[in-house]
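Chain IDs A, B and C follow the sequence of writing; residue 1 opens each chain.
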Amino acid sequence: MAKTNAGRFFEDYHVGDVIKHAVPRTVSGGERALYHALYPARHALYSSDEFARASGLPKAPLDDLAAFHVVFGKTVPDVSLNAVANLGYAEGRWLKPVYEGDTLRSESEVIGVKQNSNGKSGVVYVRTRGLNQNGDVVMEYVRWVMVRKRDLDALAPETVIPDLNKVIPADQLVIPEGLDFTNYDFELAGEPHRWGDYEVGEVIDHVDGVTIEEAEHMIATRLWQNTAKVHFDNTARPDGTRLIYGGHVISMARTLSFNGLANAQMIVGLNGGAHANPCLSGDTIRAWTEVLDKAETSAPGVGAIRLRLVATKGGAPFELKGEDGKYLPDVLLDLDYWALMPL
Amino acid sequence: MAKTNAGRFFEDYHVGDVIKHAVPRTVSGGERALYHALYPARHALYSSDEFARASGLPKAPLDDLAAFHVVFGKTVPDVSLNAVANLGYAEGRWLKPVYEGDTLRSESEVIGVKQNSNGKSGVVYVRTRGLNQNGDVVMEYVRWVMVRKRDLDALAPETVIPDLNKVIPADQLVIPEGLDFTNYDFELAGEPHRWGDYEVGEVIDHVDGVTIEEAEHMIATRLWQNTAKVHFDNTARPDGTRLIYGGHVISMARTLSFNGLANAQMIVGLNGGAHANPCLSGDTIRAWTEVLDKAETSAPGVGAIRLRLVATKGGAPFELKGEDGKYLPDVLLDLDYWALMPL
Amino acid sequence: MAKTNAGRFFEDYHVGDVIKHAVPRTVSGGERALYHALYPARHALYSSDEFARASGLPKAPLDDLAAFHVVFGKTVPDVSLNAVANLGYAEGRWLKPVYEGDTLRSESEVIGVKQNSNGKSGVVYVRTRGLNQNGDVVMEYVRWVMVRKRDLDALAPETVIPDLNKVIPADQLVIPEGLDFTNYDFELAGEPHRWGDYEVGEVIDHVDGVTIEEAEHMIATRLWQNTAKVHFDNTARPDGTRLIYGGHVISMARTLSFNGLANAQMIVGLNGGAHANPCLSGDTIRAWTEVLDKAETSAPGVGAIRLRLVATKGGAPFELKGEDGKYLPDVLLDLDYWALMPL
C-alpha cells in the first residue's frame, strides 16, 4: 500500500513549491470528436477547420474547455485528492490554442496557504499552467481548495493569501495570433448577433436542457484523466451517489449557451467561478447568461465580452441567490469569463 | 430571449428558398471510431483502409449513414425544431464518399408546402444537400415534415407538392469513382454471399438484438450536432421519456443487418423511410430485411440491391402491418434503400 | 436465415485448421481517445507521444489491451458464438506495438480438441494471431473455450491437448525495438517506484473503484467489434442481465492498477487468466496485484515483472479463493501477465 498515491495533505504544501504533474497527454481528433459527442458543442470555430482558417487560425483548435479539462485533470492527484471543497478560480487565461497532435502537461505553483481556525484543514492556492510539447504555456489559472491535514498537530504555516484580480483586465487577455473576424460568416456560425448587439446587463435564457446520465459524465471525466473517486465509485459517498465533476457542468452550460451566444467563439479568460451546488445523474442542466462587460481588442474584427454563465437544474432563469445571499438550491454553477466575438 | 433561435414556423417557408444551415463540421478518425463504438458497425469497407484500397477507394470512408447524420443534424435547427412529425424521405443519394479531414455543411431548398386543413400546421418539403470543403455535393435527400404555424391567422400559401420518385431508378445511382469489387475478399468481409445469391422477395432475419441506453443515443445524437430537445431533456415530453432520434434506429438496424448482409457494403440510395413508432431507452432493437430489387451497374464487379430494412422492438420477424394497413406497434422503422454488393 | 452466421459448433473444429477472421480494422486517434474515455488509462507511454519518443518509440502506441481487444473481437463470430464458457488463456505475447493508421486482422489455428464426457460439448484450443497491414504478427495468444455440439450423435474427434507453457519464460518475451528506459522520467510517469523497488510476493491494493454502467461496457465491447449477444441484448439471458465482456474487466483492472504500478508500462506477456465470476452493470470494480516474479531483459534500462492482477466487485483485498479452492464470489478476474518497467 506504500506504493499507491495517498495524495497530499495541507501540511505538504509550501508557498513557492512547483509541482510537476504526471501523465502528459497527446490530443487527437478523437478527443475533439468525443467532446462534441459528450456536450452539445456547436461553436463553428471548433467544429470546422474551414471556419477556423477563415478566421486566421491554421485549423480548428481543441475546444478551450477541453484544453482546460486536460490541464486540470492532471492536477487532481496532487491537488484535490484530499480536498474537502473546490473553493474558487481566478486569473484563468488561455494563451495559445491547442491543436491535434499537441502534447499537454501541467504544473502548479503553490502561491498561498492558510490554515483554518479549526486546525483540521486549510486553504491551498495554486497557479496551474498547462504546457505543450514546446514548453509554451497554453493556459494558466489560479484555483484554491480546502485540504485536510494529515497530522492535526502539525504546526500552522505562515498565512499567505495571494493578491488576485477579481476580473482580468481586458488588455491582459491574449488573442490567438492571426485571429481575424473581419470576414466572419454569421450564417455559417448560426446566429446574426454581433458584439455590438449585446448590451451590458442583458440576460439570455439559453432555453435548452440536457438530462445527465452516469455513463456520460464518467466517460467525460475519465477522458480528462481526472481520477477523483467521488465521480466514479458509488461506494465513495455515504448516499451512494456519484458526484459529477464540476467541469462537466461548466462544459455543458457553455455548450448550451450556443443558443443565444453562437458567436461568443473563443474563451480567453476565466475571472472566477463557483460550483454552487452538487450535480447528480438525472439532473437536467439548463443555462442562462448575463452580459457583464464589453471591451475592444487589438485584433481585426474581434471584440471581447465578459459573461456570467449560470447553470441550473431547475428553477426560473435569472434567479441566482436568495435573500440570505446564498445560491439558490437549483443553481449549479456561477462562472465569470471573457469570450471573443466578431464586431 | 430575442437572441435565441425559436426555429421556423410553417409560414416561414417559401418554395424556392435556400436555407444555408449553420455549423460546418470537420470529421476525423474520432467520428469514425465513435460510430463503430455506438453501433455494431462491421462492414469491412468502412472498417479497414486496406479493404477500401483493395476495392479501389483511397481509404475507408466515413460510414454512409454517419455522413447522412452529419448532414441531417445541421438541418434540425432550421427545419424540424417546431416539427410535429417527420413524415418521409425520398430521392436520397450518396454522391461522393466522405473522408477523414473533410468539412461538411448543409443547405436545404424548400420544394413544397401544403397547409393542413385544420389551419394549425402544414407540410414542408425540403431537398437537403451536404457539401464538402470543395463545394462538391456529397449527398442529397428530400424530407418532409409537419410544422406548426406561429400565427394561426397567417394565410395559407399556394400548395406545391413536389413530384418525387417512389424509387430511385438504378441508373441514377452514383457509384463512387474507382469502385471495383472484382478482387473482393469474401472471407475478410465476413460472408460468402454475393449479389447473385440474393433473390427478389427473399427475407433475412438478422437475429441479433441491442438494448438501447439513454447515454448511448444521446452521445450519438449530439455527435451529429442534432439539437432537438426531445432527445435530451426528460422534461420536454409529458411522460418524461426521451424520444430516440430516428436516425439512431436507422444506424442500429443497418449495422445489425451485417449478419446476413455483410456484403451490402455501400449505401447509395434512400428511396423512402418511415419511423413507424417511437423508440425509447430500454427497447431492444432487432432488424429484418426483404430484398426488393436488383440491378446491374457500370462499375466492375459491382451490383446494386434494393432492400427493405425493418427495425422492431419485439414481435416476430417479417411482420410489418396489421389488417388495418397500419404498422404493427413493435415496428420502429421501415426503410427502403439501395446498396452496392460484389457480383 | 440461411444467410446469417450461426457460428461454429464443436464438430466444426479440426486440429490444424486455420480460420481467417473477418472484418479488418484500421485504428486511429479515435480508438485511442475512446480507450482513455472508457477506462482510467494513465500509463504515460500510451498517453503521450513525447513520453513514448523519450522511451525510444516513434510515438505512443495503441494501449496493449486495446490491441488485444481488437484482435480478440474478430475471433468471436468464429470461436465463441456458441461457447458455453471461456476457459483460459496462455502463451499470450505482444510482438509489435500497434500505431495509429495500422490495420489489424486476426486468424486462429485450431491446436486442440477434446470432447466432454457428457457428449454434448467439447473444449477447443486455438492459437490466435493478430496481424497488421504488412503481415507482421503484432500479438498472439492461446485461448480455450467450451463449445456446444450441433449434432449430439457426431463422433468424438481424437483428443489433442496442446502442451502449453504455464508461464512464458522471460527470455521469450519480445521487447519492442528501440525501447530504452535509461532516461525515464518518473515524475511525468506519476510514481517513483522502479523495478528494483518491487519484491516478489509483494501485494498492492490499487485502492480506487469504478462502478460500471451498461452504456459504457456496450460502447467498449462494440468498439472491438465483439458481437456476442449476451453483452448487448437483455433478452438473451434468462435473468434479463447483460453479461459484461471479460475483456472490459481486464482493461478496467489494469488501468486501475496505475495507482501503485504506474511504471509497469508495457504488457508483453499473458501467462494465463480466469474470469472467476460474471460482472454485471452496477458492480464496482476494484483491483489488487501480487508480484509473482522479476526478470532482466536485454533492453537498456528495462526490467520485466510478472504480476497477478485480481479484479473484485467487493470483499477484502488480497483474498482470492475459499477453503474449497474455488474463487470467492466477489472475485471477477485472476490474470497473470508480464510487464516492462524501468530499472
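Descriptive notes on the structure:
One rule holds for everything that comes next: a residue touches a chain if its C-beta (ideal position, glycine included) is under 8 Å from a C-beta of that chain, and two chains touch if they have at least 3 such contacts.
Owing to the predicted nature of the structure, the values given are computational and were not obtained by experimental measurement.
If you draw each protein chain as a dot and join the dots that touch, every dot ends up joined to every other dot. Here chain A and chain C face each other with different sets of residues for the most part; under half of the interface numbers are shared between them.
Overlaying chain A on chain B by C-alpha atoms takes a rotation of 120 degrees, rounded in steps of 5.
The geometric centre of chain A is 36 Å away from that of chain C, both derived from CA atoms. Chain A has residues 28-31, 33-34, 100, 213-216, 219 in contact with two or more other chains. Residues 1, 3-5, 20, 22-31, 33-34, 77, 100-101, 103, 105, 133, 213-216, 218-220, 222-223, 225, 227, 229, 232-236, 242 of chain A are the ones touching chain C in the complex.
Per the touch definition, chain C reaches chain A in the complex via residues 28-34, 36-42, 44, 47-51, 59-60, 100, 187-191, 193, 197, 204-211, 213-216, 219, 259-262, 284.
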